[in-house]
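Two complexes come next, and they have one chain in common, chain A, joined by chain B in the first and chain C in the second.
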Partner chain A sequence: MSFVKFAFVFLLLSLITLNAQTLDGKTIMQKALNKSTWKYMQGDVELILINSQGQKRIRKIKMFSRKRNENESDMLMRFVAPPDVKNIAFLTIEHSEGDDERYLYLPALRRVKRITSSGKGGNFMSSDFTYYDIGKPKLNDWTYKRLEDEKIDGFDCYKLECLPANEQIAKDTGYRKILRWIRKDVYVTVRSQYFDKGLKEWKILEVPKIENIGGVWFQTDMIMKDVQTGHSSEMIFNNIMVNKKLPDNFFSKRFLTRLR
Partner chain B sequence: MELKRNGNKMYKITKLVTGFPKFTILIILIITIFFGYNIKNIKVDPDITTSLPKNIPARKLYDKMNEIFPSKDFVLIAIETDSVFSLKFVRTVYDLTNTLETLPEVYSVMSPTNIKLIRGTEEGMEVKEILPTPPETERDIQKYKHDLFNSDLPIENIISKDQRMIGIMVFVKKNIKPEEAAKRILDYLDTLDSPYHIFASGKPVLTLYLARGMARDMRLLFPLVILLIIVILWLSFRSLRGVLIPLAVVLISVTWTIGLMALLGVPITHSTNMLPILLASIAVADGIHIVNRYYDLIRANETVKDAVLDTMKELNSPVILTSVTTAFGFLALNTSNIGSVGDLGQFTAFGVIAAMVFSLTFIPAALTLLKRPKKIKAKESGFLSKLAVKYSEFIITKRKYLLAFIALVIVLSIIGWPQIVLENNSINNFPEDHPARISYENINKHFAGTTFLSILVEGDSAGAIKDPSILRKMDSLENFLASLEHVGSTLSLSDFIKRMNKVLHADSEKYNAIPPDTVWETGTDWVEENGQWIEKPVKFKVAGKDLVAQYLQLYEMSGKPDDFSNLVDYNYQNARINAFINTESSNVLRDIDHKTRAYIQKHFPQAKIELTGTSELFLAINDLVVSGQFKSIFVSLILVIGVTSFAFRSLKIGLLNGIPLLFAMVFNFGYMGWFGIDLNIVTALTSSIAIGVGVDYAVHFIHRYIYRLSEFNEEESVRKTIFEAGIPIVINAVTVGLGFAIMMFSTFTGVKHMGLLITLAMFTSCFGAIAILPTYFLTYKPKFLKEKRSD
Partner chain C sequence: MMRLRILTLILIFAFVQISYPQNLDLGGYLKFFAHPNLNSPNGFNRLGTRLQTTFSYGTDNAFFYSSLDFNYEDTSVLGLYEESRGKGMTIYPVEAYIDLYWTNFEMRLGKQFIFWGKTDWLNPTDNINPWDYKNITSEVEDYRLPVTAVKGNLYFGNFNLESVLLLHFEPHKIPVNLPPVMGGLELRNEPTVFPENKLSNLQYAFRLSSQLFNVDYSFSYFHGFDRNPSLSFVFVRGLGVQPPYLTAQTSYKKIDIFGFDFVTTKDKFAFTGEAAYFLTEDKDGTDIYIKNPNLYYVVGLDYAATDDLSFNLQFSQKILFKYDKESEENEWLIRTRQARPVDDKITSTVTGKIQYSLGSYTSLLVIGVMNLKDKDFFLLPILNYNFADGVNISAGATWFNGPADSPFGRIKTDSKAFLEVKYSFSL
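Showing the complex of A and B:
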């Protein structure tokens, strides 16, 4: 499962012209997942965390990513701001078998610290996004049911009800149900609604902006709101560059310390 | 005199209502239905702290803190078992914790099965729930136990000192009423049917029990007082109309008052809860006088119409005067800064005036409509009259004994004063066998404590709390607090920073501290040598602030967004230290408060560090009780003396009215001192109420004496006055006093005490009127009273 496709899902419009009415839920999801993609990408991320009182924490991050293969990718994030965390670097090496490797370089200690994986359901950098939310889901982890189409911001969307294929998935992700709205024209998810163990509404993802960069569709503004706690997180992407090659040792533990 | 003149104006109204009796009654009933219909909207607010005025510093600070942090109150659930670390029990706690977390009123749960461990690992740091999955084997349990006791985090509120109980701290969302959250949690616990003893305490639970106790008091005490009134009325008149008419005045005035409160959105609180009982006891008195006089005149063969008119002609003035003085006594409670006390004052005053209006309109209208009574109970001429005669002889001939007795009582009372304990303790307000108290005492004996003091540390800019110098202050303050008796544990962000500093330095105890402002660290650098990257050890300087910031970032990488939200705000600008205290005694809280403030003053005079939390609110209430107590006694005395001076057109007579009241007050406080009744928010109300109600006896007595003095000498006037006014005064005092005594059946110790004190005050102010006043009249033969009669 590609963790690296983090904020962005991509797409080239399918060449196959299928009658939309005949598409079932799984096919729609498949098409959304198998859009054209990139090998390397980099860009600037602004992560804004807003608590229920409206107080904000803003992190500015430079991010780099590489796909090692279909299901595994690497990602390196370097903090730019605020000043007291500047130069912290975060490396994730994804493994399709077993836990991902996660390392944090702390300039104040000049040491790389391994972060124990809290699983895919863990929160990504204290945000409302979990690692699972920002990664690429595996098609067969969920069962899909197509619901009545709806319009989001004027765009026709497929609406899918996704239920965990087994108990383990429900447990790992914390989701008992997800509703997804996928734009028909570009096959990009533009809204998701997440339900907790008790099938109570938990989080809602809104995607105010998607952009096509170098032939790949990116969700360049995503807002995840926890409706139970009132906390929300926004990720805004800028200056995305696709397929600009990075050195091979770029995504290594050693390289982390040199990013100053 | 003025009393008569007022009476004459009122007499026109009497004529009007007796002229149109049906119309009068109809109007009153329609308005009563309107108010009665509103009663269903009455709100109940048992939370004492909400009645604190918004503009006092303690309240402002508390509100400010609540704006910063997401949760203010918590319920501590304690579960007792023989084997805290059995697999079965740990799993029970695990499941319970998970369910509690899903309750909509709950902000977060801290339990021995879900605390987050910060652990050093070979390569870094791990933040993980202590039990990410439920334990399966005995080995899991052994590991769990080890982890729990080696976390370096305060666990005093989740594992009891004797390890026979576990505690679950359930933090309640701040926008939810604490009593509602407590109800949800207790209801859930009730469904559990578990084999363990479960206790729950904390402010929300106490507030809930307070609400339940108030509801029980309402259900039980109001019917009791009504029953008592019926019995007294029946004994007095032995007739249906004698019972129903004064009773209607009681019920209508209570309905109007509670209806008005509902209409204005004023809630039933721990103070206004007593209003119906107070009002009912007071409201019946005028009716008794009126009906009594009516029967006298009927016996004297007057026609019904004449009897009613003559009764009112005679009684309009005293009814108005005594009602106005009573209302003013209650209004004096408005000097209190405690909102609910002011409410009690205003609305009881309204009720008293309403009762007066009905006594002057409804009663004559109703009596006019009724036929002449067939059977009339014979006038009592027995016991009380004989007693009155004997008593007046005693006063005339042997009053020096009485004087000595009064002096002795005053001296003894004053000796008792210094022993009065000013103490508000919401726990001791519950009886010893009440579940609220049992749970509270059990939990606070075995855990850190459920009362909490917060020390708010304010930084001047975002990120200020990450400054090691501030964290060190917080740390030393925490250590200081923890050293105080009754402080069971403390928690702040600095605990986590210390833990992380230690864990990231190979678990070295040396680093179990806040980092210094500048830190020399050793690390590794990757340097390029001869075309190869190699690792080289380096020593370098780093700002402590950056170190802290990066620890926090490291924590955040695996934590949840709101993990520290109860300890520090989102921008790391303001933080708090929470100290858990195992008592609600205001004296202990004050001691902790003083010592902590002195410590802050001495060690961090420049820092913006402030004390708040529930303990501080209790103290603020306490302070207002004392200042309010003396202010309202003073104001009510002034008001009552003012009104009587005006009515009698003589300041001296007004002051004379104050004498029995002063005696009652002196005795009251002496009694509190001698019998260990605490001066608290409830018992403090006694004096003003007693002044307003008790002045009636002096008014009646003096009024009668002046009247008799125009015909007789002092001794004969005293004889006549005791016979004519003394008997009704005693009957009235007993009636009203017994009504107030109903409060002694309350759930709450404070209300019981108030019932006792106010009943005593009725008797002592009555005694003051019929003993001190005649003794004074006979001893000094004051001229101003004689002059008065020539008016």
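Showing the complex of A and C:
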């Protein structure tokens, strides 16, 4: 009887191991994307900008986001600190077809201004993160090749080489290649290495902290370092709330101007 | 007395802060400013310090906001116009309003700013808050004057209908110094005629905004009084040995303004446009003292070359209808016994703006406006350095130049440099 049990456990473990070994790059990425799926999200963001001389600037932002469908989402951000940028607010309405809409509310001018969409490769709030980096990647925008597994901070990780599926993706994101390390146990990216158009190393993303909130995995501390300029940015998320519904018209110019 | 008032205000703020800490916000800035006049090296157009306090309190369906300036100015204007907002210590209420929120309707009551239009700097449809042309600085609350109004926003479908009721008329503050003598004739000023304070003189405005095919647009209408004065002259024959003289009188005339604006973006470009038709009291163009009906439009293009560098270019025109320059000049000669330069039927202006970030903490903004006929221009370069979180140092200049009788040439002695250090705080 004990032999049967042993054989069953052995078989199960073998199947799991075999499955892990046979997962291809795209499947791993798909699992990773599924682990971070939500409809509504809001939270506090601390954005720390550090220049090559080590000087720091700290921005505190209240962030709200909604996914309208698989390919479209909305994001509203309002600065909380420092006081000279307080209440500056930013709204992005993503469109799968055509340009995204972007609006900036400048309380000093009491005006909402529609601004150009600098593309997903544009910097997010003057940081080293781009809009692409903080958004959810679309699975079919990239091709995935699984490389040899590696350990990051003691955790077993899948290592993927991601190449843009077409020239437009490379142009939009500014990345010619991305290497991703995805933790095997929770399917969360814990490190990425970004390469520019000339395939020179450009940026490194480290993720010192991940958290499961409401059944969704979040990278709650991310450090992006631009190895070409020496500038780096850290994003720390706090008070994240998942799937707390917001009014349908929340992601609009109407709410952008509200100071509360 | 002044100290007592300030102390009382601080105590009120402190009391409310302690009583309702979770919904309150108290902040503002402290600013030192020095504006030396470029034409008289030893003089300052402005030199002083300002403490602005902002106070807000809100719940889910109501919000209160107020902003108060405590200014101490060491000097009044030494430039062309011997006037400033106030020398010495002044308290200036910038805004104070209450917002009320419903599901599809919002209302704002009180002293407020209402800015319309989608182009940069030049906004033909922006006619609610007057300008203070005597007080052009980097702060919008200096060069625009708040209005006491009731504003309602009704949201239905993809539309926003904004209605504004203005409870009090306030004109632009314009630096006009009439000479004591014009063309050899003494000039006597008559008292200014302001609109009477009666119900039929209420001013109101509407704007309907929406979006179609990724284009944001709005139609607007304003009924009220032109904030630019009409200046009329009367030639008076002298009695007996008394020489003839001229009387000058400023008055404010009714106006209806029909506006339209739009903005859309494509890749790194934004396209903007704005136009307004001004239907003045002089519908037939027969009164030389009242501006003729006219069209004012602006078209613009924004280009974000990179995250750090962007450009804006605009072209604008003012077209006077039912207007003949020659007969206007003749009429002036007949009525006032002297020749006077009059407006062209069409005036064209170009504006440009460059924004450039130099590294992480320094940015440069250059704004230029040029009238195409006389090539007179206004240039405003501003260099800003973010010294620390909440601390900004900005330096720049407002430079007017052009032929002596051109719009910017006439005020070139008002050109000034400026240095400002601003510390923003939030409690």
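Methods note: the second predicted complex is superposed on the first by the 240 of 260 C-alpha atoms of A that agree within 3 Å, B and C clash if a C-alpha of one lies under 4 Å from a C-alpha of the other, contacts with A are read in each partner's own complex, and residues count from 1 in each chain.
Following the convention adopted for this analysis, contacts are C-beta pairs under 8 Å (C-beta built on N, C-alpha and C of every residue); 3 or more make two chains touch, one makes a residue touch a chain.
Computed from a predicted model, the values in this text were never measured in an experiment.
Could you say whether A:R254 touches chain B, chain C, both of them, or neither, answering first, second, both or neither?
A:R254 sits against chain B and chain C alike.
So in the superposed three-chain picture, is A:L49 touching just chain B, just chain C, both, or none of them (first/second/both/neither)?
The answer is both, since A:L49 touches chain B and chain C.
Just checking: does A:Q219 make contact with chain B only, chain C only, both, or neither of them? Give me first, second, both or neither.
neither
Quick one: classify A:L109 as touching chain B (first), chain C (second), both or neither.
both
Tell me which partner A:E101 touches in the superposition: chain B (first), chain C (second), both or neither.
Once the two structures are laid over each other on A, A:E101 reaches chain C alone.
Looking at A:G198, would you say it contacts chain B, chain C, both, or neither? Reply first, second, both or neither.
first
Just chain B (first), just chain C (second), both, or neither: which does A:H231 touch?
both
Under the stated touch criterion, which partner chain does A:I58 make contact with: chain B (first), chain C (second), both, or neither?
It touches chain C, and chain B stays clear.
State whether A:A81 touches chain B only (first), chain C only (second), both chains, or neither.
The second partner, chain C, only.
Under the stated touch criterion, name the partner, chain B or chain C, that contacts more residues in chain A.
Partner touching more chain A residues in the overlay: B.
Per the definitions at the top, what is the overlap between the chain A residues touching chain B and those touching chain C?
49, 51, 55, 57, 82, 84, 102, 108-111, 114-116, 118, 122-123, 126, 231, 254, 258
Mind listing the chain A positions that touch chain C in their complex?
Result: residues 49, 51, 55, 57-58, 81-84, 86, 95, 98-99, 101-102, 108-111, 114-119, 122-123, 126, 231, 249, 254, 258-260 of chain A touch chain C.
Can you check the complex and tell me which residues of chain A touch chain B?
49, 51-53, 55-57, 79, 82, 84-85, 88, 90, 102-104, 106-116, 118, 122-123, 125-128, 196-198, 200, 226, 229, 231, 233, 254, 257-258
Name, in rising order, each residue of chain C that touches chain A in their complex.
On the chain C side, the touching residues are 25, 27, 29, 56, 58, 63, 65, 106, 113, 115, 118, 139-140, 153, 155, 160, 214, 216, 263-270, 302-304, 306-307, 310, 357, 359-361, 386, 389-392, 422, 424-426.
Quick one: in the complex, what on chain B touches chain A?
Residues of chain B touching chain A: 67-68, 70, 102, 121-128, 463, 466, 504, 519, 521, 523-526, 533, 538, 540, 542-543, 545-547, 549-550, 553-554, 556-563, 565, 569-571.
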